[in-house]
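Here the chain labels run A, B, C and D in written order, and each chain numbers its own residues starting at 1.
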Amino acid sequence: MASIFKKIFKTGLVTEPLTAGDAETVELVHAISEQTRRLLGRSLAIREVDAGSCNGCEIEITALTGPVYDSERFGIHFVASPRHADLLLVTGPVTHNMQVALVKTYEATPDPKLVVAVGDCAKTCGVFRGSYAVAGSVDQFIPVDVFVTGCPPEPNDLLRGILAAVGRLPGKKQAAARGGQA
Amino acid sequence: MSAVLFPLMLAGYAFGALAGLLGGRGSVGRWLVALGAGLGAGAGLGLGAGVIAGGGALVWSSPDLFGFAGGLQLRLDTLGAAFLVLIGVGAIPAAIYGAGYSEAYEDGRTALRRHPRQGAEASGFMLNLFLLSMSLVAMADNIFTFLFMWEAMSLSSYFLVITESSELGTLQAGQWYLGMAHLGFVCVAAGFMLFAGGDWAASFDSLRAGAAALPAALRSIIFLLALAGFGSKAGIVPLHLWLPMAHPVAPSHVSALMSGVLIKLGLYGLLRVSLDLLGGGPAWWGGLVLGLGAVSAVLGILYALMENDLKRLLAYSSVENMGIILMALGAGLIFHSYGLMALAGLSFVAGLYHTLNHAAFKGLLFLGAGAVLHATHTRNMELLGGLIKRMPWTAFFFLVGAAAISALPPLNGFVSEWLVFQALLGGFQIPSSEMALIMPLAVGMLALTSGLAAACFVKAFGITFLAIPRSVPAEQAHEATPAMRAGMGLLALLCLGLGVLPFAVVPLLGRVLAGIGGLPADPVVLTFNLSLQMPAGFGQMSPSLMAVGLVGLLALIPVVLRMLRVNRRLRLSDTWGCGRTGQTPRMEYTATAFAEPLRRVFTQLYRPTKELTIDFHPESKYFVQSIEYRSQITPWFEKVLYRPLLEGIRFAARMVRRLQSGSLHLYLLYISLTLVLLLIVARWL
Amino acid sequence: MVDPLFAQLSTLAASLALLFGLLLLWRRNLGSYVDAFQSQSVVISLLFCVVGYFGEDPQLYGVALLFVALKVWLMPRYLRKMQQRFAVEREREPYLNVPSSLILAGVAVILAYALMRPVVALSNLPTRGGLPLALGLIFVGLLVILTRKKAFTQVIGFLILENGITVLALLGTYGIPLIVELGVFLDALMGFLVMQIFIYQLHGTFESIDVDQLNQLRH
Amino acid sequence: MSILLDFAQGVLALALAPGLVGLVRWFKARLQNRRGAAPWQPYFELIKLFGKDGVVSNNASWLFRAAPYVVFGSTLAVAFLIPTIFAPQALGGVGDLLAVVYLLLLGTFCLALAGLDPGTAFGGMGASREMTIAAIAEPTLALAIFGLALEAGSTNLGQIVAQTLGNPALAVTPGHLMAFAALFIVTLAETGRLPVDNPATHLELTMVHEAMILEYSGRYLALIEWAAGLKLLIFFALLSNLFVPWGLAVVLTPVSLLVGVAVFIVKLAFLAGVVALLETRVAKLRLFRVPELLSLSFVLALLSVISSFVLR
């Protein structure tokens, strides 16, 4: 019992501070926290959808929540149900088996909502293109706000993609409001 | 006042009974029966209320009728009046409901099936007879009258139980009921005979006067006989076996009456004998009642949880609620024996309050279950679901009943359970440490019971009424008729009223037992701020203010949210199921699944039997064609107590059967031998 | 006159000791049993000091020291060694499941209260509040021995029972003479050693420390 | 005047509740060597949820939409009844400790029904588990109340507080300590904290509370989350103020009220730290081992009552 806490306190914080790393990331991260604060009340709930990926992207996404990248400090957290989510993080080429599920997930998410397609496969189907199991890229089934390329993309790229998507939100919000009035 | 009401009550029931015999079929006949029953019950209610409010006891006797046994003697004191009120409370809504429900029996149909079968014409007659005999049990003032009415009550309810006699299992359930009722009757009669020294005609007054002179051991034997006899009516574990059998097969308004009122008369008998006639006894009497009550409460609700038959579930839950009432009464007897009169009064008031409340919410639930049965022709919860959209009123009323029985504020079950808790918490004032140490255990059992009851009624309501229908009949269900809705509505209002206005009810209940067995009057006083406060010094609570607060908050929250310009847009969509293509009822949680965690928690008690049959493909055992899983729970008391008993009876019956040869000469021989034997006995022995 | 603090502390220590006993019924892995036993022994040695201080009996400090040496240091040390050797073994399926045995333990403590009621009522010891708890601890020890399958657990149960007797003696008589105490300790040590040998033998014969295995010897 | 203060303290509890949840999360993040979100993060989440659209299953009935209001309303009603900054005076007679338990049960009951309403397997599973845990936690709660009531001679919260305040030795009696431990275990079970339920889980099969609210979105979700936070705060307030009532404002002067608020926040932070430490240390119990934990708490509560009997 004591040993685990000794270990915890000896290790200390491992989250990379905002000032560390290359300048671009720092800027980016600052920008994200600014953006999310303004647009989503500094809270962004993400539902991850694996539409048929090789799980390479998932490993990077998991790193996002780990102690080093710690997305939670920006108010970005992952949720269990699309009903709770603001943003869908879709990975992989869309397989026939996941096609309906992906659309259903999109439908189940309350407005205003965003979609970020992660990885090369999500955009071009990658090495899986032409496979009998693959139905197409993500944007063929649901409207995608931002593509994050890379195979797999790094956590920083993911953060950048999320930021870009959040940047598109004001327009969407207004459109939704107009739709609601009509 | 009582001079008018008493004949009116008799006349009402008589009218209803006649209407049942002569009125024939059709809505006029049904409504005339209901009118008679309602009138009789209403008059009884007025009569009881008048006596409790201070109108003085009603005395009526007819020495000529049944003169050989001392004649009919009636006397209505406050205790009897309380149960007369209870009969009225249960019977009026049931009668109204029955007028609509009995339509199902037109052309000889039964509620369970759509197809015409052999019907039951006499049920209107029996219903009125049943109500009348119950009323007169509460008024009986000598042994003969009491036992006569008791038997009439059992028999008339037996005939009501077997109304749907064409259904499988109904007659068997009826036989169980009749058997248990007579077992109880024998005990009660034996108790009275010992009490009165064999005098059938002894009046209760003479019993009361002679009670003190009886030896202590005899008093205890009388008490135990009364406990067994009345306990079999009240459904104390292990004598409760008939409840889950007879309640489900009876017509639903009769189930409501049996569960709400009939079994309560067992409590009446117990109170009458132990507290009033015997004048209380040693502490272990109360301890025994408390222990049996606790066991009944916990086992009752545990078996209710495992039931998938809606009405059986309700029947087991009646066992539970009788357990709670008995806990209160047992605590009262304990306090009484130690002279802690204020606490004893509180306990009895709590018990009586729960009695009244149980009549209201269990009546309501049985009526609701009846409406479901009426609409879907099934009691199996696994085939129901989605009824909240098809029967919104019934669903709402059932929800009120379910919340009330789960003791949720601000409904009535909460108030009476709170009072029972308060009474038990007072247990530390008992001087004997052994008895005092029972109290925390009782509190724990009561709390477990109420937690499990909440789980049980989430299951009962949730599986039956929510989500999507699990069968075609449930999908095609229709709302109950207006008469049925009116009956349920009345009881739902009563649940709310008894919950919100306890300060009006409790002092009246306090008066019920005033002066009986040396209890003081008005044990629970009404304080200024509408709250209940005990002179015995424990808690304080105001359900009415709580109700006002809850309603206020519920109204305020949407207003505040609107003022804060919260987004109010809503979109309908498919149920989220992790992206699967469609939703079918088979994906829903079932009643069995809902109860599964608790079944595993209490598996040492349930000891379920499992049976797994896997049908493999003939070519390879890696391909399964079908899997069949059966699991069954047989209550242990059936296994341990009743099975050996039944086997013993069967064995005895086989022995006796040897006497039956079919030869006329042999029978004549028996008769002659008996005659000779009797003559010898009469002459020389 | 009598320090109310004394009564408070002794009852507190007795109930803590009982709590550690209950923990034994709840946990399943053998390592935590040793922890519980060790913590309980620490509490009891503190109780020795408390009674020694308030009862003004300096001899008890010595007993406390002995107690610490034996039950806080020596026995847990051997127990741990043994536990590491049989690390795979857990108390998987006791004869009586955990909730039932816990509730039974609760009932046993009620029974202890009821049994000790006359003693507590008659005595005017400031420590009398702890007496039923100590008896309860003895019952809990018995319960452990009766319901658990592993020989290791039964050893712990025996030690807990022994601790219960110690607490009862301490609270009831303010400590028995040192020489008697020494004898008791020696007894406990001997018992412990015998059982240790027994466990190793059991494991050597059956590759398991399940006492159920002994049933095989009938044939 | 005093009734206004009573309401004000309930509203304050409501306002503090998201912060408490955030604080536990922050402590936990630090113990995981993460930076974590600031303790006030849940406020942002609530604001966001209130601004989002709602999506409701087309199988659901009116009950699904009404339940969040009932859950929130009943929990808020409890917040008005319990001592947070001071023992409620005008509202003290409205409900005692038993009423508090049953009001909370009302919320659980409604939420369980709402879980069953959309007809998903997960919702039913959550409802079934939640009711199981609530049912077997009930005896411990009742006995802990019995223990407290026994010492105070009343189930009224104000009187319990006054009794311990007037008699500090009570706070360290074994009965008191065991009742505290029992109530702490129940707190973990009732508020869905770690050995019983994992509030941060994403795996439906391990969920209890979360599984019931998978269908909720928008303002409904916000109400339920807020109510859950408030429930945590209520249990913490009961733990801290019934067992260690020092710091509660006894006289209602501005200074003592301010001190009361400060002390209350410190107590909450302390308990939040304890829970975070515990959640870092222990793993989630299998569902069928939860009864073992709760039977331990039951025995503790029973012992507490019995020792109160004897020491009375």
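Here, contacts are C-beta pairs under 8 Å (C-beta built on N, C-alpha and C of every residue); 3 or more make two chains touch, one makes a residue touch a chain.
Only a predicted model underlies this, so the values are computations on that prediction, with no experimental measurement involved.
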Can you tell me which chain is nearest the middle of the complex, judged by mean CA position? D
Most contacts overall join chains B-D
Subunit A to subunit C, mean C-alpha position gap in Å, rounds to 56
Here the gap between subunit B and subunit C, centre to centre from mean Cα coordinates and rounded to Å, is 49
Which integer distance in Å separates the CA centroid of subunit C from that of subunit D? 36
Quick check on subunit C: which residues sit in contact with 2+ other chains? 99, 110, 113
Residues within subunit A bordering two or more other chains: 81, 83, 108, 110-111
Give me the residues of subunit B that touch two or more other chains. 433, 437, 441, 569, 571, 573-574, 576, 578, 601
Spell out all pairs of chains that touch, sorted by label. A-B, A-D, B-C, B-D, C-D
Sort out for me which residues of subunit D touch subunit C in the complex. 169, 172-174, 177-178, 289, 291-296, 298-300, 302-303, 306-307, 309-311
Using the touch rule from the top, collect the residues of subunit B that touch subunit C in their complex. 433-434, 437, 441, 601, 604
In their shared complex, at which residues does subunit D touch subunit A? 25, 29-37, 41, 44-45, 47-48, 51-55, 201-204, 207, 210, 214-218, 221, 277, 280-281
What does subunit C use to touch subunit B in their complex? 97, 99-100, 110, 113-114, 117
Residues of subunit C defined as touching subunit D within the complex: 4, 8, 11-12, 14-16, 18-19, 22, 26, 98-99, 102-103, 105-106, 109-110, 113, 120, 129, 132-133
